[in-house]
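Please find one structure pasted underneath; my questions will follow.
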Amino acid sequence: MKSFTTLLAAVAALLPYSLADAVPWERLNKNDSLFVILDLQVGLYSLARDFDATLYYNNIIAHAAIGQLFDIPVVLTTSAETGANGPLPKAILEMYPDAPLIQRQGEVNAWDNPAFREAVRASGKKQIIMAGIVTDVCTTFCALSLRAEGYSVWANVEASGTTTEFIRDVSNDRMANAGVQLVSLFSIICDLMRDWRHTPGTPTVLPWLAKYYPVYGVLAEAHGGAVLNGTISEGEAVLLPY
Amino acid sequence: MKSFTTLLAAVAALLPYSLADAVPWERLNKNDSLFVILDLQVGLYSLARDFDATLYYNNIIAHAAIGQLFDIPVVLTTSAETGANGPLPKAILEMYPDAPLIQRQGEVNAWDNPAFREAVRASGKKQIIMAGIVTDVCTTFCALSLRAEGYSVWANVEASGTTTEFIRDVSNDRMANAGVQLVSLFSIICDLMRDWRHTPGTPTVLPWLAKYYPVYGVLAEAHGGAVLNGTISEGEAVLLPY
Amino acid sequence: MKSFTTLLAAVAALLPYSLADAVPWERLNKNDSLFVILDLQVGLYSLARDFDATLYYNNIIAHAAIGQLFDIPVVLTTSAETGANGPLPKAILEMYPDAPLIQRQGEVNAWDNPAFREAVRASGKKQIIMAGIVTDVCTTFCALSLRAEGYSVWANVEASGTTTEFIRDVSNDRMANAGVQLVSLFSIICDLMRDWRHTPGTPTVLPWLAKYYPVYGVLAEAHGGAVLNGTISEGEAVLLPY
Amino acid sequence: MKSFTTLLAAVAALLPYSLADAVPWERLNKNDSLFVILDLQVGLYSLARDFDATLYYNNIIAHAAIGQLFDIPVVLTTSAETGANGPLPKAILEMYPDAPLIQRQGEVNAWDNPAFREAVRASGKKQIIMAGIVTDVCTTFCALSLRAEGYSVWANVEASGTTTEFIRDVSNDRMANAGVQLVSLFSIICDLMRDWRHTPGTPTVLPWLAKYYPVYGVLAEAHGGAVLNGTISEGEAVLLPY
Amino acid sequence: MKSFTTLLAAVAALLPYSLADAVPWERLNKNDSLFVILDLQVGLYSLARDFDATLYYNNIIAHAAIGQLFDIPVVLTTSAETGANGPLPKAILEMYPDAPLIQRQGEVNAWDNPAFREAVRASGKKQIIMAGIVTDVCTTFCALSLRAEGYSVWANVEASGTTTEFIRDVSNDRMANAGVQLVSLFSIICDLMRDWRHTPGTPTVLPWLAKYYPVYGVLAEAHGGAVLNGTISEGEAVLLPY
Amino acid sequence: MKSFTTLLAAVAALLPYSLADAVPWERLNKNDSLFVILDLQVGLYSLARDFDATLYYNNIIAHAAIGQLFDIPVVLTTSAETGANGPLPKAILEMYPDAPLIQRQGEVNAWDNPAFREAVRASGKKQIIMAGIVTDVCTTFCALSLRAEGYSVWANVEASGTTTEFIRDVSNDRMANAGVQLVSLFSIICDLMRDWRHTPGTPTVLPWLAKYYPVYGVLAEAHGGAVLNGTISEGEAVLLPY
Amino acid sequence: MKSFTTLLAAVAALLPYSLADAVPWERLNKNDSLFVILDLQVGLYSLARDFDATLYYNNIIAHAAIGQLFDIPVVLTTSAETGANGPLPKAILEMYPDAPLIQRQGEVNAWDNPAFREAVRASGKKQIIMAGIVTDVCTTFCALSLRAEGYSVWANVEASGTTTEFIRDVSNDRMANAGVQLVSLFSIICDLMRDWRHTPGTPTVLPWLAKYYPVYGVLAEAHGGAVLNGTISEGEAVLLPY
Amino acid sequence: MKSFTTLLAAVAALLPYSLADAVPWERLNKNDSLFVILDLQVGLYSLARDFDATLYYNNIIAHAAIGQLFDIPVVLTTSAETGANGPLPKAILEMYPDAPLIQRQGEVNAWDNPAFREAVRASGKKQIIMAGIVTDVCTTFCALSLRAEGYSVWANVEASGTTTEFIRDVSNDRMANAGVQLVSLFSIICDLMRDWRHTPGTPTVLPWLAKYYPVYGVLAEAHGGAVLNGTISEGEAVLLPY
């Protein structure tokens, strides 16, 4: 008979990591991940009122563009798109002319659709990076189903939208309680990138930042200008540690 | 002696699902669920100040109407209704002339009332969808009691009300920590519906959406108008992926 | 020497617009007023994000219903309604099957449309009660034009909508600076009603309050219940001044 | 050897309730509870800026008054009260002339003070209802210490105060994560009361509600007036279910 | 040629109302002022949701108590008080057993009621300090009428209440545009007091501050404690300019 | 006796500045207007914190693009651009390679710079549409100077930025008090466009809306899709007035 | 016949105060201005809750430091400083050891104190830059009195504080309506400086910005660092207009 | 064979403390802790928009100063500091001229850098007190890595910054779920200090409070002044419990 120590270690091993640290900390890996564009449809867009409308549109396009930037596989899906929900934005469709586009006729939860399940499984990826409209239904239902299937799920909280900030927060918490990782656009970019140094075969993220994350893009533009043409004033000199 | 593998599996099985995923993800099933209309009384309504007053009234009627829409059993209960708390709104009473109405003389926690317990048990349902006034007392006390009894509890966060947003948030978190599912009106509708396609024997949700969830109802109205009478401008044509 | 009248007219002419424009306090009079339903179209509704979507829909229907309640003439107008802006909500069209509906083909400012100008003038009313989508364009442009024509303009601030609260506030201030009266739903109702006592030939506002302004309607429902069936506790007795 | 079933049951029994339901749901019992008035000092009051200043003062006095209402033992403690922190408010001191008042010379965490520990232990109570200034230090440190000692801790979130709402929320979450029950004034009152019916030997809560929780007190006052002197209008009659 | 007086009067007549209406800066004078308690009724209280409910109740009682403190005449008025609006709070009625109480049967605008007009005129005062429920109707209508009659009107913005902060702000601006002075509780107290030094025949405001404005009352309590029993630490000594 | 003209001029001279300054309602006219791009520099961008950073960047580019869309002359100016303030964004410089770019060496108020004054005057336009960073300094100082010179000034409130929302609001009010028109992006577009119908020689605004104002652009995209490929459900049919 | 001068004076006299009071746009001139440090006392500081406490302390010290920076005369005044209001902060007293410090024994309105009036008048300045605690009393009362005396008044809205943001906004509007200029810290600095170029005899503002306005100070520090040690990446190069 | 009691105790012992109480409550100990200054760089500072800019700068300097106050070891690290991110502020560099400064060339996650790992390990400390820019990337990634390594991590929530409050909250929750302690500046100070009494060899925190936490520093200054020079009024006397 094995020792009790062994027994106890085995019990401990069974305990999900989330007990020690809630959800096992895990890094996004561009080779293990899949983007799911979930019901980010032009009709449903009018229900996403927890963000400024202009900002939110930027966010969903920016979300979609990360897949393209890192050459990560993408699955597109829509719900009843000839009805009021409408198709995906042209801007997203043009990014992924060859990606699977699962047009669900009626299933609210994408995971209920066999073709969608098949598309996700066929990717062979275990880290699902996703966003949908609306957060409390499309994103939450699918994310919880994926968790139940054992996937590691990364919900981009800036690219899912719903009717109110209150419903957004309640729904995000519901997902977090089920082990979904709630992450920002910048967090996804940085986790996939890992290192600011440009290594061959990896993309530079600066154009993406300039286009979709100007708080950094403009900082970089200002820095570049300062290096090239900057002059330093007497006053600034006082501020420097050099 | 059974193998350790068996032992460990058994231990794992004992571990509540909530360890892997907080609360076991579960879907609402219209055949397993019961609506509880809990102290949504016309006097107590004046204490519900965490939502706009007009919006909140819409939400409680909308909550009650979901039971009717899906033909789900309903239990009504009130607290000291001949006093300041007042009766339920006429609009709700008229929806459910035949539902059990438990008029508690004094018990704050509905579960403390034998007739209420009996009514819930008699329904034979295990998924309790509920909302009450005020969130920190009526909803929380009853929800926690139901959880302790092993029920799956779904708190409609848009239909419970209390004095401040701060107390609402603290109380909702307290329920979530006890395994209560915090859900929106739209989430309940969609989870019960499962599929947008109209199958015989199931109701269409569009009239409910038009009446209580106009962010979708008006979208559908606009879409219908566009299909029937819309004309497309040169500018719009440029935007289309077709 | 020119007459004093001429002198005074000349002084008045020198006074900048905003002075002439500043309105004396004035009461709404149901015989002098006209409701303008301005571009409250089902497509444009998706741009009105400065209110909760459910609440805002209630507000525009409530606004339209005041005209019906007091039998005040109404002018309906839409902008490019076969395009993305869409028609007026069915609920409003059904209230006013016989009111003039001016379908502008392109003019942004309703006052630029001859048929609209004619409809307003034909009413013979001088107090224009209005709301539109979006506040910064449709409502503001038309309200300022009406002010320039000498009309007394009452903007229902709860029934105009726009993209953000910031734009709403800036636009409302711009109108107020031009002498537009910024008023609430309840203020319009009470100003038209004048007296809570029901006099023959005037409508009772309670059903309107019950439907569109439940903060009062539910109060009245609770009060009625208390009078009919209420019992008074020892504790309550202590609180009473009687 | 006991059966595996027994073993597994025993393991399950060991699992803290908080696994099934986070923190074991528990009711306040007026015979098991102790109020701790923790550093609610007149100098420290100026640091409590997460509530309106008038409201917050009401809340701390209301908190203290609950002990008096239900005749629950109270322990008072202060930190360096001859310094800037100042003494407790006169209003609280006058409520409890005979309660132990532990004047800590320097310990930030009240639990570090032997006299305070002794006072709590001497009460023999296991449910500690508490509030302090500031939330992130006085309340949190003491609450976490009490949890570590096995006490059931009930933090009155309306009666602890700190510098910002942000720090309040972060600190409340920190306590909730450690199993502290976050509760409102009304929740404490209702949990201790259990039943609205006045039974001999228990206090009536109405005067407390009238004084400290006017959202209910005024409702009761209005109800009492309606029962005694109210008249019902034709309009109200339409709204009634009777 | 007409006299210059005539000319100037004619010029003045040409000036739009809002110009004539704009008030010169003026101080409250306890001998020239009148408090109007306008529809602060226990039923209507449930409509006042632009302040925390507890805070708002404090504010209306505090408002009423200023008249008592400075022995300023008070006129009380209610609207349809046997109906849902209810009577004034017992706390206010007990303060002013001998003040005129004008129970309007139906007039929304108090100024439309002859007895109210007479009561105001009979006071012989020209500075009307007032607050009512709701701000957009009761307060605004009466305030604008008083302005039209040439009164100097002081609206206590902390003691009028309405359904939303948005309506509050719009209504306050409407009053300010008509020359109503928008003032706080503390501003009224300080303007009536003029000088912190206690002169014979004038009341000390400290008990009022302690009861209704604890942000100052507690400061004073802390200061008194420091003077009597405070000890100064080495650290504090460093901070002092002495 | 002096002429009446002299009298009236003298009366006008007596009128305080803010009266002369108050602007009559006026429409933007694309032939009378000039865009001023004022200090929207990449370094100063880091001070604009009253909007979401991504949204604000969109807004300044959108502001600049309106000039291009309507072929309206533009004057660019910067403050100390080789220092920390930095140059204008590349995106704006590329839009207007031939516009005058006044690089002020030190003047905070652009109007203090002779070259800037000359550029504005040389345009011959009287309606100045402008935005700058920061609102309380660059925009306000220049706008007030332009008002003093008799220009009609249109401040795009969505494209000026500053450190806090509080400072933004105070500064915008200060400009409004001096007769500056505070307008939104959409208001500028619609006022310049006047009519949705596409007339030869005028641009279509839809691509601008699609890029910078997606709340409308996506609505149009959804509408186009509905007209081309939409199908209407039974539920939607019920909602239609046709 | 009376002279035209008399006529015009008579017309001017008829103009209500607020018209005469409305201020022409005016620039701060360091030779014409006086700083008033009004009741920014360490006790009263606890009433200033409309800003974060840390931020507000920075703001009052920053306000005081501007006088020192530009060598502008300063008048200090306090209200009942041996009582609860307390003395001025040591940090301010040390800045101005030689400035007049008027210790009012009781007058709430500083202008009621003869020594204060004399100190202001003795300065010979006409532009009064001021801030006080609390905004609705100390700042407003004194500012309105100064306006009535014909001074140009500049209220630093970031350095006056009061109990709530609501009272702040109402009080600021009241001052603006009386012609008080509402300005920010940065606006005062920039208006006094006029030009970023360092001319002999004028101070450099950079150290002040670094200490009190780090949103600019850190930008300057970053710029200086970039010029000295910056390297430009390939990605940044793409962003540059050079 | 050991008894089952032993077995069960051992299983219980294996259960992480966080099951009983989420994260084991632990106190900061100045001898066990290490400060990590993580990417608080002058360029990145422009991305920290979830706090007022002035306040946030105060917070990062205050954070750094705690290490100095308690003589706790510090590790400094930067990311690509010759690029747009910039160096650390001069104010921090001057505090720690001798601390290790790890200049990462590219690694986003500091823990990926061998020199950083070595510096942390070499300290021999197990409690890591940290803050970084931006919260969702720099702070979260490093904190989660440290947790995975078994460190006790204390995130100073007031000294990490990111683009929006929403991202801040989501990221803080993500860290809390992984067992990171979220603490305030004052909480860190008080936990390290333990006792307000000044014992030889420990620093007095008052100068730190005066400089970085004026809500307490000014309270102490006011108290000191009251003790030395305060006089007590008749009114205050009434408020005192003595």
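Going in written order, the chains are labelled A, B, C, D, E, F, G and H, and every chain counts its residues from 1.
Everything that follows uses one rule, which is that a contact is a pair of C-beta atoms (placed from the backbone, for glycine too) under 8 Å apart; a residue touches a chain by one contact, two chains touch by 3 or more.
In this text the structure is predicted, and so the values were computed from the model without any measurement.
K.L.:
For the two copies chain H and chain G, is the contact made of the same residues on each side, with over half of the numbers shared, or of different residues?
P.N.:
same
K.L.:
Taking each chain's centre as the mean of its CA atoms, which one is farthest from the centre of chain B?
P.N.:
Farthest from chain B by mean C-alpha position: G.
K.L.:
With residue numbering as the guide, point to the option in D-E, G-H or E-G that repeats F-G in over half of the contact pairs.
P.N.:
E-G
K.L.:
Measuring centre to centre, with centres taken as mean CA positions, what chain is farthest from chain E?
P.N.:
A
K.L.:
Could you give the separation in Å between the centres of chain E and chain F, each centre being the mean of its C-alpha atoms?
P.N.:
41
K.L.:
Per the centroid of Cα atoms for each chain, what is the distance between chain A and chain G, given in Å?
P.N.:
About 47 Å, centre to centre.
K.L.:
Can you work out the whole-Å distance between the CA centroids of chain B and chain E?
P.N.:
44
K.L.:
Can you pull out the residues of chain G that are in contact with at least two other chains?
P.N.:
1, 7, 11, 15, 19, 43, 46-47, 49, 52-53, 83-84, 86-87, 90, 163, 173, 215, 217, 219-226, 229-233, 236, 239-240, in rising order.
K.L.:
If every chain is a node and each touching pair gets an edge, what shape is that graph: line, ring, star, complete or other?
P.N.:
Looks like something else, not a line, ring, star or complete graph.
K.L.:
Which of the chains are touching one another, listed as pairs?
P.N.:
A-B, A-C, A-F, A-G, A-H, B-C, B-D, B-E, B-F, C-D, C-E, C-F, D-E, D-G, D-H, E-G, E-H, F-G, F-H, G-H
K.L.:
Of all residues in chain E, which touch chain B in the complex?
P.N.:
It is residues 46-47, 49, 52-53, 163-164 of chain E that touch chain B.
K.L.:
Given the complex with chain B, which residues does chain F contribute to the contact?
P.N.:
198, 204-207, 210, 217, 220-240, 242
K.L.:
Spell out the part of chain A that touches chain B in their complex, as residue ranges.
P.N.:
It is residues 1-2, 6-7, 10-11, 14-16, 18-19, 43, 46-47, 49, 79-80, 83-84, 86-88, 90, 93-94, 105-109, 112, 134, 136-137, 140-141, 144-145, 147-148, 162-163, 166-167, 170-171, 173-174, 177-179 of chain A that touch chain B.
K.L.:
In the complex, go through chain D and note every residue touching chain B.
P.N.:
That would be residues 4, 7-8, 11-12, 15, 19-23, 25, 157-158, 172-173, 176, 181-184, 186-187, 190-191, 193-197, 215-216, 219-220, 222-224, 239-241 of chain D.
K.L.:
Under the touch definition given earlier, write down the residues of chain B that touch chain C in their complex.
P.N.:
Per the stated touch rule, the residues are 42-43, 45-46, 52-55, 57-59, 82-84, 86-87, 89-90, 212-215, 217-219, 221-222, 225-226, 229-233, 236.
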